[in-house]
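The two complexes that follow have chain A in common; it is paired with chain B in the first and with chain C in the second.
Then we have the complex of A and B:
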């Protein structure tokens, strides 16, 4: 096997065109993304002048949305808040089909309930028990965690020591504990209301998906409000409210003692793709670099057939089985190394370029960043193996290149830039080798956010490694078929 | 004329080439029909839906053009061809005419059938899509004559056709999207199907036309140079 690998490596490294092709792949992968990064300039004009608003960062390090109506008191130590949500109503502006009226209505993820929050700054830690528009009663904390908790109208949050306990009840007497979290030190306790914008996706007239996000608000009616351990008086704040915001988005509170009516807009949730530029934008060149990779990998096999070298190769390896694995190993290793260099340059340099041009970059963990970089290189390597196998199956370079490009790139193109509706596009990205691009998605999709979760806007239907596994299986199956065919067919 | 007849004989007798013409029709109509079945009525321009197959079918047109040119370099047949037709421009012209004619014939079947099978298409979209397919085949032919190798020609052509729009999609800045769309022959060319705002209906076809002209010129230049070692 070592000898086989060595001979294949020698073949690869001594053909000038293949080395050149590999270098072209690296340059395209890194260069196109950097060009894009250099070309994305963001400018903001607002009441504060030319300053782009900061995107708040949650306790978990994600970009978050933290804008809601909060009617609150101080909570220095132990204490609790209990309330019964007796009514949720709201307003949706300009919904389809006419987009011409303001109608009463509550969006599915409108939230009203009780909250304990570290302080009034955006992005600070919190735990909340809430009644939602269409998803029942839930306990959420720190923006990303979300637990369903039946449909009970009574909600309670209590703190003892540094343990916060969220509970629900159908009648205010028998309480069911849903979740407990930790928060020590002084905090703020109160009632909150938030209503995210109403998302509608429509087909763009030239295909592709156009998203629209329309302002909504929600009004929650609370009765039997009781608070223990709180100090100071009730205060209303629009967390994250901006001066000059439309009047429907401005929150308000009316207080009758144990009954409170609270109106608010906004959301308390992860920001998704609204949280700034995603890091995979710097790797947009991979789709172009991929084509150079495919051409080189196909030629690595078909050139042997064209020049008759395959006869010598098979004479030197009478068993034949090892030939293609050795070729695959060489081409995968070369591609992976090249892709790694390209991605490892493109991501940090591209991010620097984007930040210099005033773009907010959605923060991700180091592990995610490494996964995106290494995953892109691995995706290029897996596609190279697929192309190599195609070359061995077709034995004609043109057919193999078309087949691989149509398998890998066309679904991606149809899914993101054509008239095909979102549901069909998602299936294309589940069952074709294009699924592997999911490895580049750095911002996960959260179920508690009604977001533009369509491929056209950068969300893949499969999880990163799941999508990669699909591409991997395609490559493995094609390589297996190619090995069998090589043994059976007359060369 | 004899040069064209020779090309026609080669096309007719080589295994696989007539199938590519059939594939152009089948893929274009098939993908168009699939898009029609999947897309709910009236959300999108009907021309775009009916003719969605053009994006996939053009791969067959590219494959045909590349095979007509690169196949000869791959087998050494090009030496014989050049002995018979010493004028290299004439040989390239014959190949271009044959490929263009075959693509035109296939498109004349595929596009109207797609339009009839789908929710309909405007006459402009039908005529423009036929012209687009012919331009794509000429572009691929020029690239193939320039780089000679089939795999590289395929990669370059399909990379420009499929890869560029994918990259453009990743630019969120509308200004850049518009600028770059003018560089992508597929997006600009298919603007003739309607819906792409900044590019006029027919003006967009100028983009693939420029690509085709540049590629043919470069291919003609390269054809005039040494054939070099073949096989």
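Then we have the complex of A and C:
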């Protein structure tokens, strides 16, 4: 096998066109994204000059939405808050189908409940127990963590030492502990209300997806409100509230002692597409670079058929089984190395260019960034193997190139260019080798966020490595079929 | 491994066209075996089956007693030139041999040796796409020699060679056979094998028409004929015909006489007063012997 690998590597490196094609693939993969990054400028002209609003960052490092109505007191040390949610109502502006009226109603992820938060700055740590519009009672903390907790109306948060415990109860007597988190030091405790905008997606008449996010608010009625360990007086704040915001989004609190009515808008959750540009935007060239990768990988095998050279190859390796794996290994290694260089340049340089031009970039952890870079290189390599197998199956360059593009790039293009319905797009990204592009998605889709969760906006239906596995299996199956055919057919 | 090729009862169809129809022969060591026949006789298909490129529908082909497909490092057992144009044009001749060598665990030194052996040293680092047909043949021969194999198969190696090249390859084939190797050389022109082949296998329509030592073949084809060289061709023909001989004109001043021995021919010509420069026993060329053998099996298309 070592001899075969050396032999196939010599074959690859001694044809100038293939080396040139591989370099073109690198340049396209890195260049397209960099050009895009260099060309995207954000400007936020306003009364204070060209100042773009900061996107709050949560304790986990993600961009978050932290806008809600908060009725609170100080919590220096141990303590607790208990309340019974007796009513949830709200307003939805201009909902479907007519989008022509303001109606009463509660969106599914409207939230009212109790919260302990580090402080009043956006993005600070918190734990909350809440009743939602349509998702029952839940315990959430630090924006990304979300636990379902039945449908009980009684909610309680208590802190002892640095342990925060969230509990629910059907009657205020028997309590069920749902989750524990940690928060030490001075904090703020209180009631909160938030109602995210009403997301609607529709197919544009000229293609494309039209997304709309229409203002809503929610009013929660709390009874049996009791607080222990709190100091200071009750205060109402619209966290993240902006001057001049529409009146429906302005929160308010009415207090009758143990009963409180709290109105609010906004959300306490991971940011969706409002969280800034995603890092994979710098790798948009991968789809174009992939064309060069496919052509080189196909030619690496079909050129032998066209020239009759396959006879020499098979006479030298009459067992035949090892020939295609050796070729696949060479093409995968070359493509992976090239893809890694391209992505490792495009992502950091592209992000730098975007930030220099005032663009907000959704922050991600180092591991995610590495996964996007290495995953992109791996996806290119896997697709190269698929293309090589197609070349061996079809034995003709044009047919193999077209087949691979139809399998990989066409679904990706159809799904992300939003020319087909979202459901069809998601299906394509599950069952075709285009599923592997999920490896590039840096911001996960959170179930507790009603967002434009469609492929056209960069959300893949499969998780990153799950999608990659689909592409990998396609390549493995095609290579297996090609090996069997090579053994069976006359050269 | 002993230097033999044994082809036994090979049958092969491509679609509905039969290519091989019971092809059977053996190639022994120490001699050049010519494999001759018109285009379409099945020579190339037989060779492709021997090196495992095509699978026969029936029959077997063994090299040194084993199937080619079971060989490890096969190029050290069997070297084959099947299609000299099978080259990646943008790759240099040297690199073409290098990947072949590496697939057999051989090094770059062996590549340079065979390049020198076939006289391609100076052109080795040029792109093979720019090679003449003759240079491609030399490169293909170099590839066959790469593993220093005891068995060599050459399919139409004379194609595209200039006269100098033909002289060179004849010498090479002879010396390879003299080293004890089994050498099978196919050609559709018997004349190319004159003075090289010690044995010929004549193929027609997918099977063996004749399988003989060259000496026997020529002797049989020459049987009882006499060559006459004379300036008075018309007179000679008349006299010889009157004596009952069959006369064929073979040149402006040469005739071939059959049905009359050499001495009788001299007597007839002398008696008739016809001047002649030479009367000799006629030795058929390999070409003539071949034409006689394949007269029936040539397919006209």
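Here is the rule we use: the second predicted complex is superposed on the first by the 486 of 491 C-alpha atoms of A that agree within 3 Å, B and C clash if a C-alpha of one lies under 4 Å from a C-alpha of the other, contacts with A are read in each partner's own complex, and residues count from 1 in each chain.
In this section, a contact is a pair of C-beta atoms (placed from the backbone, for glycine too) under 8 Å apart; a residue touches a chain by one contact, two chains touch by 3 or more.
Model, not experiment: these values are computed from the prediction.
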(message) For the combined arrangement obtained by superposing on chain A, do chain B and chain C clash, or do they fit?
(response) fit
(request) Considering only the touch criterion stated at the top, classify A:139 as touching first (chain B), second (chain C), both, or neither. (result) neither
(message) Quick check on the superposed pair: does A:343 touch chain B, chain C, both, or neither? Answer first, second, both or neither.
(response) neither
(message) With both complexes superposed on chain A, which partner does A:307 reach: first (chain B), second (chain C), both or neither?
(response) both
(message) Contacts for A:260 in the overlay, against chain B (first) and chain C (second): which applies, first, second, both or neither?
(response) neither
(request) Based on the superposed arrangement, let me know which partner A:491 touches: chain B (first), chain C (second), both, or neither? (result) second
(request) Count the residues of chain A touched by chain B and by chain C, then name the partner with the higher count. (result) B
(message) Applying the document's definition of touch, where does A:287 land relative to chain B and chain C: first, second, both, or neither?
(response) first
(request) Have a look at where A:412 lands relative to chain B and chain C in the superposition and call it first, second, both or neither. (result) first
(request) In the superposition described above, what is the shortest C-alpha distance between chain B and chain C in Å? Please give a whole number. (result) 6
(message) On chain A, which stretch or stretches are contacted by chain B in one complex as well as by chain C in the other?
(response) 17, 307
(message) Which residues of chain A touch chain B once you look at their complex with the stated criterion?
(response) 17, 21, 32, 36, 39-41, 202-208, 277, 281, 284-285, 287-288, 290-292, 294-295, 298-299, 302, 306-307, 396-402, 405-406, 409-410, 412-414, 416-421, 424, 456
(request) Please give the residue numbers of chain B that touch chain A in the complex, ascending. (result) 35, 38-40, 43-45, 48-49, 52, 55-56, 59, 62-63, 66-67, 70-71, 74, 149-155, 158-159, 162-167, 169-173, 176, 187, 191, 193-196, 231
(request) Quick one: which bits of chain A touch chain C in the complex? Just the residue numbers, please. (result) 3-4, 6-8, 10-11, 14-17, 303-304, 307-309, 311-319, 490-491
(request) Could you pull out which chain C residues touch chain A in their complex? (result) 48, 51-55, 68-71, 74-75, 80, 82-83, 85-92, 95, 98-100, 102-105, 143
